[in-house]
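Next come the structures, one after another.
Look for chain A in each of the two complexes below; its partner is chain B in the first and chain C in the second.
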Partner chain A sequence: MPAAERPSGIEQQEARIAWGLVLPALLTILLVALFPLLWTVWESLHLHDLRMPWLGQPFVGIDNYLEAFRQPRFWGALGHTLFFAVTSVGLELVIGLWLALALNRAFRGRGLVRAAVLVPWAIPTVVSALLWRFMFEGQHGIVNSALVALGVLSEPIVWFIQPAAAWVPIILADVWKTTPFVALLLLAGLQNIDVSLYEAARIDGASAWRQFRHVTLPLLKPAILVALIFRTLDAFRVFDLIYALTGGGPGTSTEPIALYTFNVLLQNLQFGYGSALSVIVFLVTFSLALVYIRFLGAELTGSKR
Partner chain B sequence: MSARKWWPALVLVLLVGTSAFPFYWAIVASFTPEARLFQDPSLVPTELVLDHYRALFTERSFWLPIRNSLVVAGTTTAFCVVIGALCAYALARLQFRGKSALLGFILAVGMFPQISVVSPLYLLLRELHLINTYPGLVLPYLTFAMPLTVWLLVGFFRQLPAELEEAAMVDGAGRLRAFWEVIVPLAVPGIATTAILTFVYSWNEFLFALSFTLGPERQTVPVAIALFRGQYQVPWGQILAAAVVATLPVTLLVLAFQRRIVQGLTAGAVKG
Partner chain C sequence: MASVLITALLATACGGGGASVPGPAVVTFPISALGAEGRVLVRQLSRFMAENPGIRVVQRVTPDAADQKHQLYVQWLNAGASDPDILQLDVIWTPEFAAAGWILPLNQFRPDTSAFFPSTIVANRWQDSLYALPWFIDVGMLYWRTDLMSAPPATFADLVRATRQAKRAGGPRYGFVWQGARYEGLVVNFLEYLGGHGGRILDGGRVVVNSPEGLRALNEMRDQIYRHGVVPPAVLTWHEEESRFAFQNGEAAFMRNWPYPVPLMQDSSQSRVAGKFAVAPMPAAPGGSPTSAIGGAQLAINRRTEHPEAAWAVINYLTQPEQMRERARVVGQFPTRLGVYDDPDLASGLAIPPAMVRRIIEYAVPRPVTPVYTQLSEILQIHLHRALTRQSEPAAALAGAQAEMQRLLNRVGLGTGEPIARR
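Moving on, here comes the complex of A and B:
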């Protein structure tokens, strides 16, 4: 880099300018993100119930965390989140990869496809949740009518009163909204693969499956990993979709951890306990993010392209 | 052999159809009389009415959440793009110690779950009497919008050739003038794309808007729509009409800038 050859005075001046430019954004982030995060940790170590201000805010150590581990509803919420993440991200990756392979071969209609891909992704999640709720709603909604007409169901199902059935629209809505986006990420990865590798493989007599297995998959691994981890992080904080689609019901059988935390905080006003839940959600996502940065960080944050 | 040629086309048709159908169905339903919504649905609408849209803007005053969303998302975007551009320029084009750590930190903040800061932000906004106000939404929005803006802009600034500002500086312009007079004009498309994405993310945000507003006077569009359902009945016609209205501006923006948006989104994740 030419910077290393410059006299150090200019270098120092450049660093000063750089920090001056970075400062406003950095201060904003420290103030609105890092400081609140530390506050959550502090809050989680105290009893703080807004409905009972006379109790004050005594220090209770890790009691709030122990309380969470004792609550079946907490483990339920964690289980639902895990189930949602594994199922939806799994489906999105498989279908997304398949779509990306098809898109990579198509030469016409790319613009139309980009639109079809971007619009579901860009609309509010709450709206997509309500579109799917509407399609599954009622004895004579479109989904029930279609399934009965096709002979898949002998009679209509009320989707939102049985836990197992209620997961169907949730997973479908998420797959519908984000699979195209996953496909887009994978497509960008596919387009970086050198075409001559396939020609070489073909000359060696490799079948389409072997080309996919030994050329496409290994070279696509970074893109798959990025999509996987982005999506897992997203799935882990799922809130809007389930809030608007089932409200966590029937009962609490589809309630994810973020919704449980929200209810504890803003319905029950238990800020100490709710903060402990927040910290747990943060720790889980942060560990996932660390994996991400460990695998891909060098590539992404390196100053060279 | 021919099967290999047409399957991608078939997949495309399937993809476009699947993506579009829920929208089509919502649009049809938003013009269908409430009483007929759950009576043997037919794919081709037979009777169209404007009732739901009329009710939306008269009984529901839906222009109120639209105004709120415009103000909040607009302010957030303007602030983040200006402050974020300065930061992103330094991160993309200048040499200084701690740069990659800083970039990693900003990326990490962008990934952390919103729910983990709801409790302190609520207490803080309550203390400052900012619950149910515009600043009470813009401030929390900065937590996700600022890292997003910086991250996208770094990607766009890096794509510009380094010789540009070096040439300007040889001509005697300082760093900042080189930034303002050479880089910014060239980066306008990237900055516009970043602004659109930040706006879309802020327009769609739900958890903070739900947590930090109390009533219709400051509710944003997603919150207003989600809370339409009454105690005993769900006004589906109005909900879907609102969904169409809420989706329209975002859809138009995204369609107009689709190529650049895809570039910006995938550049951050997959370096080419």
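Moving on, here comes the complex of A and C:
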């Protein structure tokens, strides 16, 4: 088909133009994302301690990684991160969904309530962390006084010196802050659902629960997945909240992996070991993202037929 | 980033600086001091420049927080910068900077080390050379309430007894407050309990904290919190300021702190204990002696400086008795020179009787003098905090800390008798 030859020539030309247009962006990504990453990997194969220049910077292979795997503090930090991610994201999804459903109903002053819900999300993390710290701090803080007055506690406790208790303000603060974000994402999803589907379901005699289960949830799935991806990856990199709330204590019992890496890299200036930790964190988050994209990506982009 | 600040004083004194004639040697001095402390320094430096027209001192502003300042210094020095010429060091940084080859040995300038408190000189030596000159000294002290008792406790047992008596008499709700959050301050407080029981952290290249004395000290700290109820558990989240607020509000009978709260707490507009407190050496157990950790500021010279002589002239000037007396008078900082304490003028300047200050300083011990102190301290902080928050037993905590600390020393070639461990 000679006629088809010419469009293909145009296509080739277009492809070239497209590459030419994308190239600057690709180069920028290479420069700001790939280069630092490779540099970090290279660093992680060396002993490089800024505070001990007399040790030099010898190549040590995968010793830094082996050192991390030998450290109970590393495994602890990984476990804390996982615990934090599962607990906080789970709570945020449930509460966020409930909030979104409530906000989706028509009622007077809905616009105002929607705006008000976003306030916690608008507050900088460090500020909200300090707010929560203030409420839980001391034997005479607000939370202690309230719980004692309500009879929940027989006497005030020092929240930040007990590993289990120290997680309470952390999880609460994160849920308080990010639930509005989840709710907003889900609300957008809810508003995309065709109202006629509910009408049809009602005519078929479906109960409210069945409507939710068989109409709302399936159609809301893409929005839920977006929220899930954002929140899991964010939760895995949690740093500022815990840094300001507990500093990772008591001991190291609330220390997430990002805080451990920060301590090694920027407090102790151990660039080699710290780089190895960074690479591990990168690999974990990257594989999480891959899992999401691989199994959920199709539904997310709607390309699956 | 730090900006170069040429003070108004300098600008007027130098009139922009003559560029044609061989200009004055410019030395840079990083400072973080605010308020009265900053003003004293500016005054002293301008006096220095008036007396030494060949030297101009330019100030560089640095963060006030020790950790941030340390990070900034390490970045500068690692990059081989010749600026700043003079460094103000925390006492625990001197061996680190010396071993890294970042600061100049001061022996070539023949400083009169015998005029200073020996412990402050020990803290600033590394491998037989002096690397920094102590500028002013901070020491841990026991603050006690003169309205609740007639004399300070000499032993920990006395302290517990005195607290109970004070409580029975309707005194403050807390007994003894200190700094127990997981940070450098925890190690400082532990060091004082440890010395009070006759123990040490480091002996040359050997970690010796896991000893009967160490165990007694850590048990004492734990018992004071959980068994005797003398120390509120909340101290395990406290830094210097939280303990000061508690003591200043009249909520505690005793406090361990540095000297800085004295002038603040004597100000009756913000303090409920003005005129009702005094300081004493830290308590000790039988077999130990009162122990105060050393803090404070030292002055050192950047090894890459282009003006070592000029830098030394500045340091030498700032550490003269006259300058120390002025600092003591204006901001209450303790001089590092013994001779200054014999000066009758000092008594009118310092809020605490100089004889008492001198006595406390004589009980002072440096924290372990090693280039890897901060790393050792981090290990110790974690294990101590776990033991004090009852996540681990004191014996296990000390054993764990000792093993990790020794392993670190061996790995970097600072352990005794052992070859540099292959990684």
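The rule is simple: the second predicted complex is superposed on the first by the 256 of 305 C-alpha atoms of A that agree within 3 Å, B and C clash if a C-alpha of one lies under 4 Å from a C-alpha of the other, contacts with A are read in each partner's own complex, and residues count from 1 in each chain.
In the analysis below, a contact is a pair of C-beta atoms (placed from the backbone, for glycine too) under 8 Å apart; a residue touches a chain by one contact, two chains touch by 3 or more.
The structure presented is a predicted model; accordingly, all values stated were derived computationally and were not measured.
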In the superposed arrangement, which partner chain does A:Val60 touch: chain B (first), chain C (second), both, or neither?
second
Looking at A:Val32, would you say it contacts chain B, chain C, both, or neither? Reply first, second, both or neither.
first
Kindly classify A:Gly138 by the partners it touches after superposition: chain B alone (first), chain C alone (second), both, or neither?
both
Look at A:Phe160 in the shared chain and tell me whether it touches chain B only, chain C only, both, or neither; answer first, second, both or neither.
second
In the superposition, chain B vs chain C on chain A residues touched:
B
Between chain B and chain C, whom does A:Arg51 touch in the aligned arrangement: first, second, both, or neither?
second
Could you tell me if A:Leu266 is touching chain B, chain C, both of them or neither one (first, second, both, neither)?
both
For A:Phe84, is the partner it touches chain B (first), chain C (second), both, or none of the two (neither)?
neither
Chain B and chain C contact sites that coincide on chain A, given as residue numbers
137-139, 266
Flag every residue of chain A that touches chain C in the complex, lowest number first.
47, 49-55, 60, 63, 67, 73, 137-139, 158, 160-163, 247-253, 263, 266-269
Across the complex, what residues on chain C touch chain A?
67, 71, 74, 78, 96, 99-101, 181-183, 232-234, 236-237, 371-372, 374-375, 378, 382-383, 385-386, 389, 391-392, 412-413, 423
Note which residues of chain A are touching chain B in the complex, please.
1, 3, 11, 14-15, 17-19, 21-22, 24-26, 28-29, 32-37, 39-40, 43, 98-99, 102-103, 105-106, 108-109, 111-120, 122-128, 130-132, 134-135, 137-142, 145, 176, 180-181, 184-185, 188-189, 191-192, 222-223, 226-227, 230, 233, 236-237, 239-240, 243-244, 258, 261-262, 265-266, 271, 274-275, 278-279, 281-282, 285-286, 289, 292-293, 297, 299-303, 305
Residues of chain B that touch chain A when the two form their complex:
7-9, 11-12, 15-16, 18-20, 22-23, 25-26, 29, 38-41, 83-84, 86-87, 89-91, 94-97, 99-100, 102-104, 106-109, 111-124, 139-140, 142-143, 146-147, 150, 158, 175-176, 200, 203-204, 206-207, 210-211, 221-223, 225-226, 234, 236, 239-240, 243, 246-247, 250-251, 253-255, 258-259, 261-262, 265-266, 268-272
